[in-house]
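Following: one structure in structure tokens, then a few remarks.
Labels run A, B, C and D following the written order; every chain starts at residue 1.
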Amino acid sequence: MATLPLYAQFINLFAAFLLLLAFAMLAQRRVLSLINLFAMQGFALAVSTAIVAYGTHQSHLYWSAGLTLVLKVLLLPWLLHRLIRQLDVKWDVEGLINIPTTMLVGIVLVVFSFNLALPIAQLSHTVTRATLGIAMASVMLSFLMMITRRKAIPQVVGFLAMENGLFFAATSATYGMPMVVELGIALDVLVGMIILGVFFFQIREQFDSLDLKHLETLKENE
Amino acid sequence: MSDNALGLVIAAVVAWIVIGALGLVRPRELRFVSHLLFPLGAAVGLALAVVAFFALGQLPQSTVLPLGLPDLPFHLRLDSLSAFFLLLLGAVGAAISVFAAGYFRSGEGAAPGLLCFEYHLFLAAMALVLVADDAYLFMVSWEAMALSSFFLVTTDHRIPEIRQAGFLYLLIAHVGAIAILLCFGVLQGGSGDYTFGSMRSMVLTGAWPSVAFFLALFGFGAKAGLLPMHVWLPEAHPAAPSPVSALMSGVMLKTAIYGFLRVTFDLLQGQLWWWGVIALVLGLATALFGVIFACVQSDMKRLLAYSSIENIGIIVAGIGLTILFKSYGKTLLAAITLTAVLYHALNHAFFKSLLFLATGSVLHATHERSLGKLGGLIHRMPWVAWLALVGTLAIAGLPPLNGFVSEWLLLQAFLFTPSLPQSFVNMLVPLAAGALVLAVALSAYVMVKFYGIIFLGRPRESNLAYAKDAGWFERAALSFLALGCVVLGIFPVNVIAMLDPVNAMLIGSTALHADSGNWLLLTPINADRASYSPLIVLIGIVAVVLLTAQVVHRLYHGRVRRAPPWDCGFPLQTPRMQDTAEGFGQPIREVFDAVFRIERQLPSPFDTAPKYAVKVGDHLWHWLYLPLARGADALGRLVGMIQQGRISVYLTYSFFTLLALLFFVR
Amino acid sequence: MIEILFVLGLPVAGGLVLAVIGHRDEAPAVNVAVSLLTLIAAAALTVRVIADGPLLVLDKQFFVDPFNVFLVALTAFVGFTTSIFSRPYMRIEHEHGRLTVGRLRLYHSMYQIFNFTMLLALLTNNMGILWVAMEAATLATVLLVSLYRTAASLEAAWKYFILCGVGLAQALFGTILLYFAAERLLGAEGGALLWTELNNVKGSLEPTVLSLAFVFLLVGYGTKVGLVPLHNWLPDAHAEGPTPVSAVLSGLLLNVALYAVVRCKVLVEGSLHTAFAKDLMMGFGLLSVVVAAFLLSRQKDIKRMFAYSSIEHMGIITFAFGMGGPVASFAGLLHMTVHSLTKSAIFFAVGHATQKAGTQMMDNIRGLITLSPMIGWGLMLGTLAILGMPPFGVFTSEFLILTTAMRDQPWATPFLLLALGVAFAAVFSRVQPMVFGETTAKRLPLRPAMAPVFVHLALVLMLGLWIPPFLADWYRQAARLIG
Amino acid sequence: MTPTEFASQLLQLGLALALAPLLVGWINQCRAWLQNKSAPSLLLPYRTIRKLFMKDAVVALQASPIFRVAPYVVFGAMCCAAAIIPSLATDLPFGRAADTIALVGLFALARVFIALAAMDIGTAFGSLGARREMFVGFLAEPALLMVLFTASLISGSTSLPTIVDVFAHRELAIYPSLAFAGVAFAMVSLAENARIPVDNPATHLELTMIHEAMILEYSARHLALIEWASSLKLFNYSCLGIALFFPVGIGVAGAGWTALVAAAPVLVAKLAVGGFALALVETLSAKMRIFRAPEFLGTAFLLAVLAMLVNLLLGS
């Protein structure tokens, strides 16, 4: 391990950042901070992608890094901020489960993911293979976050954070997917976000709130 | 003709389908449908019967149609077993079609043309069931049969009870069909070849044969109305128009018997003795159950429906006995029993159709199904009444009519049982014989009630005075069936000779003793053991009757005076003083109190209009079906808990599924 | 090759055009025309495949083999018939005041885009593009589901979006893992996401990674298929959207998702040489069948009920593919075909029935057959077909599946028996009084388009009695491929 | 069929027709003696029948042909039954045409017809009687058949002449199964012939009637035939009992004329004893309520089944 090239060590550092940010988002109560954290996570992702590109001379990863930067750090947070301003929803984010418990579960998930990723990572010839576990863990944490949030916007942020984790997995484990796929994914994310934005307005118009408790009428257990 | 019998059968099927489709061309044209298409269908049926008659005992013929699955085109085969049941279908179906020609009226439920379509599809499907030689075609025609009959049952779909009945029928039929399908799944033995030919050569090992047998018993039993899957039958039969009830009771139930025989004796290689015991016990339980319930019915078609349950029970008991004999290698006895089974199936087809059709005529003449509102129709509808009398006596198992012959044969078979090696079975069989006799004796009770209350006595309602006798189509159909009852009753030796190819095919032995060439005397084993000659009995009775009448009239006189009835001098007599249907069944209700679930509505002393009502329910419905329905409902509620509306919970499912799988894969 | 371009290009073009003119009166006709042209192109493609065998074109990016060609044809066909159905349907909705013209424009445009995404998902050889197309299909349909902008439709769309989005995220992770495993053999540029390439080397793919990947892919695409317990979005989305959308969702999108699962399964099977994937699919399939059957018994809303029925059938198909073997896979493919034809036909009939009755609540729909025999019989026959009544094709596949299960997986048959019985009771007891009995329906301002219903049912009937040789041949080849 | 057989057949039938009313007369006389009453003439049944034949038949207005045909059918069925029960000898050609099962069938035929006829007029008592008659029959019939089955199992035949041949030929031995069967048979006979304790042939209270209630509307020749048929039925049952349980003295197959002639006095003696026993039973017991009848007949049925089981268990 000690013989890792410098850039790889940097990648590992940013990977750790990513995980840390994921935890931070899990613990964050305020929606604005949540978005900021998300933007930071995007930034970490973009930087680590760029470093991978630099270290492995995969030029298309630069594109990928740029895309991430534009989309995840600039565009989406901006969109979210705008939404919050327009919708005037700056409430605290209240979880369904209290934060310490969530964190504990998160730690368990991290252990689990590392365990799962370890045998696979051994197979990889990339220098960044150790980060696969981190990527998986951040996906899981985002998942957990989506489960525990009861408002629409944090849930969407969780969803986007999950995409971050996936991107990170793609970058770190395989030096990125083919460009056409990456573009497609990015497009999907963007369009999805726009649709979600429209949705927020519609939901608020309909229910006067973005609380997900209004969205619990279609069920079978009356 | 017999060279290409199968081709002719196919032609008949196609003809029926075409006739049905023609009905859709002008669905509201009653005369076209009833006076042209139905008689045409009857002619096809008769032709089919003739073809089948000549195909009995011929070598099996088979063919393949370019339809069906790519690796499994429709295989058809006509052997003696199929031919026998085709004969039954053709003959009885023809009579019912003739009846239907006079029966269906416009303005009653569905359009006549649509009915004609469904009706002929029903016939065609039944014929196809009988000649199917692969599991796929069998199932397709089997379910087509269920479906077409379902639509026929719900002809009058505006009445919720009829819809309910239809639903129950189709549900049980469908569940039964799935069981049959699974049975074929077992029988194909993993070969992936669903032709019956392949199944015949497949030797199943371990518990598989038993699994197949019980799936078949369940599946075909559901269709036949075997306990405890009988509940649909007393609902569906009364709901259907009478020709349809007749067809269902007379013919469709027999296709279930056919299927059961086909699987048990043809497709399965060997039979185990305890299968026979179970079938025997189940059959007798069904028979007793059916007849006891028939005793207390007050709707004439329900009564007949329960009687059908009884007869099916007798038939299945006979099959059980056949299995028992065959598994012990007593082929001669097995052949006798099987003969009794087939004979009874044929008899039941004739007399039950006859009676159902008769109820149809009564229904049309009086618009009344409740026994409590009928009576005295022998004066208004002599044709129907006298022909129904034949059916009544036949179904009551009285010599010299046909019902007695098959029961006689079956009892003979019971008597020969002590030659079996298993002492347990030897003990069981006398009890079984007792149960059978009890059922037969009770059926006489039922039929006296049925006939006496509908046709005899005085009309219980004033509007019965306007009842008209059936039309010529209906009379012809009823006469044909009544004649069938008489002929089948009087010439048993010839009938059994006709059945023998089936025995030879399924059992490997014939029922008739080789050297009993006497057409007059039915002697299954030898003349010392047992013999019966209905013709001589008939001649004996008729001779005595005629002779007595002659002698009495000659020696004394034949003067008759008509006067009001005496009735022990009671001055006021109204028709309401006759026994009602409930009253007639009351002793049986008392004796078998435990079998029924009786709900009484008693008047209180303060009622201004006191009312008494009694409802006889089925324990099985309350102990088996309602709990099943409730169980399903409770399970549904339980399962409904997972769909509880909150998105976090849904995400959690997804999350835990993922985690669990990941954990598992690790 | 040109056919593929047309198959994919026409809906895109149509979507763009309709985005502009979709609110006009002629928009429905344009919609139908584009769908028809797509169908013609798909037919041409089909003919080409029949004549020349599998195609691998455009730098190996597109691949047509017996497995997907019939799905392409089916998708184009049902897309076309649905467009015919939606013409009067959406007009009536508009006249009933449930939709503005702007929404109609959105509807028409998205309808074509949705068709495009499905066709793309089917035709692409690239597992990544497959994912992209699936996600795009989700996005397009989210808009369609929320078209009415009612509280319920928004809720349904939201759930649909989030649950499927999360699900598909898992699928993406699975795809990445797949790529990760393949890249070592095929190189980053060597088309490590191309299914044909993967299929060639599947024997030497790393089993550990592939089993992990399969878990993610199954959970991911399985969400889209509606496998229990990932199904929760499905009834909501099907019930709350416009009926043509329900028809294509049930009839087509589920198939496409299942197609993705099966493609993945082929690779995993080839790598693992264990029953892992099979067991997993059988388990999910069986669970779906049973749970859906019991949920069916609790329905009050007609579209919701048929949505659960879709879950049930997807479960059956998944179970069949899980069982594997020439017969079961054949049956699974056949079941995909007949289910989508039958289910879309049912939704067509249901659409007009609900318009007639003015409600989706089954208790308030009565006696359809009295006022409009065509809708009544369409619904009745469709229901019977979907419940597995012969001589309809659904029975054919159920026949093969059940008989095979009886020998290969006897433990599963009691569950199947139970589920099919419960499902039959649940659905039929509700449909019967809707079709028969005294009526509550009223007349509609426009003649309903019932031809698609009966065309579909006729096809299903035909498949129950006779399967065209070329189709059977495809099924057989595809079944061999699936294993 | 040889002339001897034919003659034997005719003789036995004729004997049955002739002796049946006498048996009834004898029983009535015995009963009167036993009850310290002055006895009617032994020949009173004959006179009654003759008197009835002379009278004009009065038929209810609403009677259908079934009502008028029924007495003849019942009479015919009883004659046929008489023709197959070996009373003097087993040389009965007609016995081949109908065996024990058919015998029970013939009884059932008679029962059904008389019940239908009773319902035909539509009076309250007629249908009440019909219902009760069928009610008694549904248990009596199986019990009788079970008794006959026991005999069939022992003899390996259901043909009555063969059964009697076998029984008459075999060594004197004790058959526990036959003891059960005998008791059951006696009970069934009482019920079937409308005797106390199930029914009272001499009752005048309509509400307690079974058989009499059914024939209330009959008069003249119809009534005569029914009365005659009832006495024939009693005679048949008696002969059946004798043939099954006391076959000694019945001429076996091919025994010839002498045996036939020798059998006649034996038969008369046995009938006399039997008739006396019946009168004794009727004197000693009281009539049951109608709803006790199932218990009584159920017991008979179970005894008969028990007889079969005992037979299987202990061997014959």
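Details
FYI, a contact is a pair of C-beta atoms (placed from the backbone, for glycine too) under 8 Å apart; a residue touches a chain by one contact, two chains touch by 3 or more.
Note that the structure is predicted; figures quoted are calculated from it, not measured.
Steps from chain C to chain D, taking the shortest chain of touch contacts, total 2.
Distance from per-chain Cα centroids to the pooled protein Cα centroid is smallest for B.
Chain B and chain C have centres, each the mean of its CA atoms, that are 43 Å apart.
One simple way to say how far apart two chains are is to compare their mean CA positions; for chain A and chain D this gives 100 Å. Chain A and chain C have Cα centroids separated by 31 Å. Here the spacing of chain B and chain D, counted between their Cα centres, is 35 Å. Multi-chain contact residues of chain D (touching two or more other chains) are absent. Chain contacts: chain C has residues 158-159, 162, 166, 212, 235, 295, 298 touching two or more partner chains. Multi-chain contact residues, meaning those touching two or more other chains, occur in chain B at positions 637, 639-640, 643, 647, 651, 658, 662. Chain contact summary for the complex, chain B toward chain A: residues 637, 639-641, 643-648, 651-652, 655, 658-659, 662-663, 666. Of all residues in chain C, those touching chain A in their complex are 126, 128-129, 131-132, 135-136, 139, 142-143, 146, 149-152, 154-159, 161-162, 165-166, 169, 172-173, 175-177, 179-181, 183-184, 188, 193, 206, 208-209, 212, 235-236, 239-240, 295, 298.
In the complex of the two chains, the chain B residues touching chain D come out as 375-376, 378-379, 385, 389, 393, 396-399, 404, 408, 411-412, 415, 418, 426-427, 430-431, 433-434, 437-438, 440-442, 444-445, 447-449, 451-453, 456-458, 521, 527-533, 536-537, 540-545, 548-549, 552, 555-557, 559-568, 570, 573, 575, 577-579, 583-584, 586-588, 590-591. Against chain C, the residues of chain B that register as touching in their complex are 66-71, 135-136, 139-144, 146-147, 154, 157-158, 160, 163, 166-167, 170-171, 174-175, 178-179, 181-182, 184-186, 188-190, 192, 194, 632-633, 635-640, 642-643, 647, 650-651, 653-654, 657-658, 661-662, 665. Across the complex, chain C is touched by residues 58, 116, 119-120, 123-125, 132, 136, 139, 143, 146, 152, 155, 159, 162-163, 166, 169-170, 173-175, 177-178, 180-181, 184-185, 187-188, 191-192, 195-196, 199, 202-203, 206-207, 214-218, 220 of chain A.
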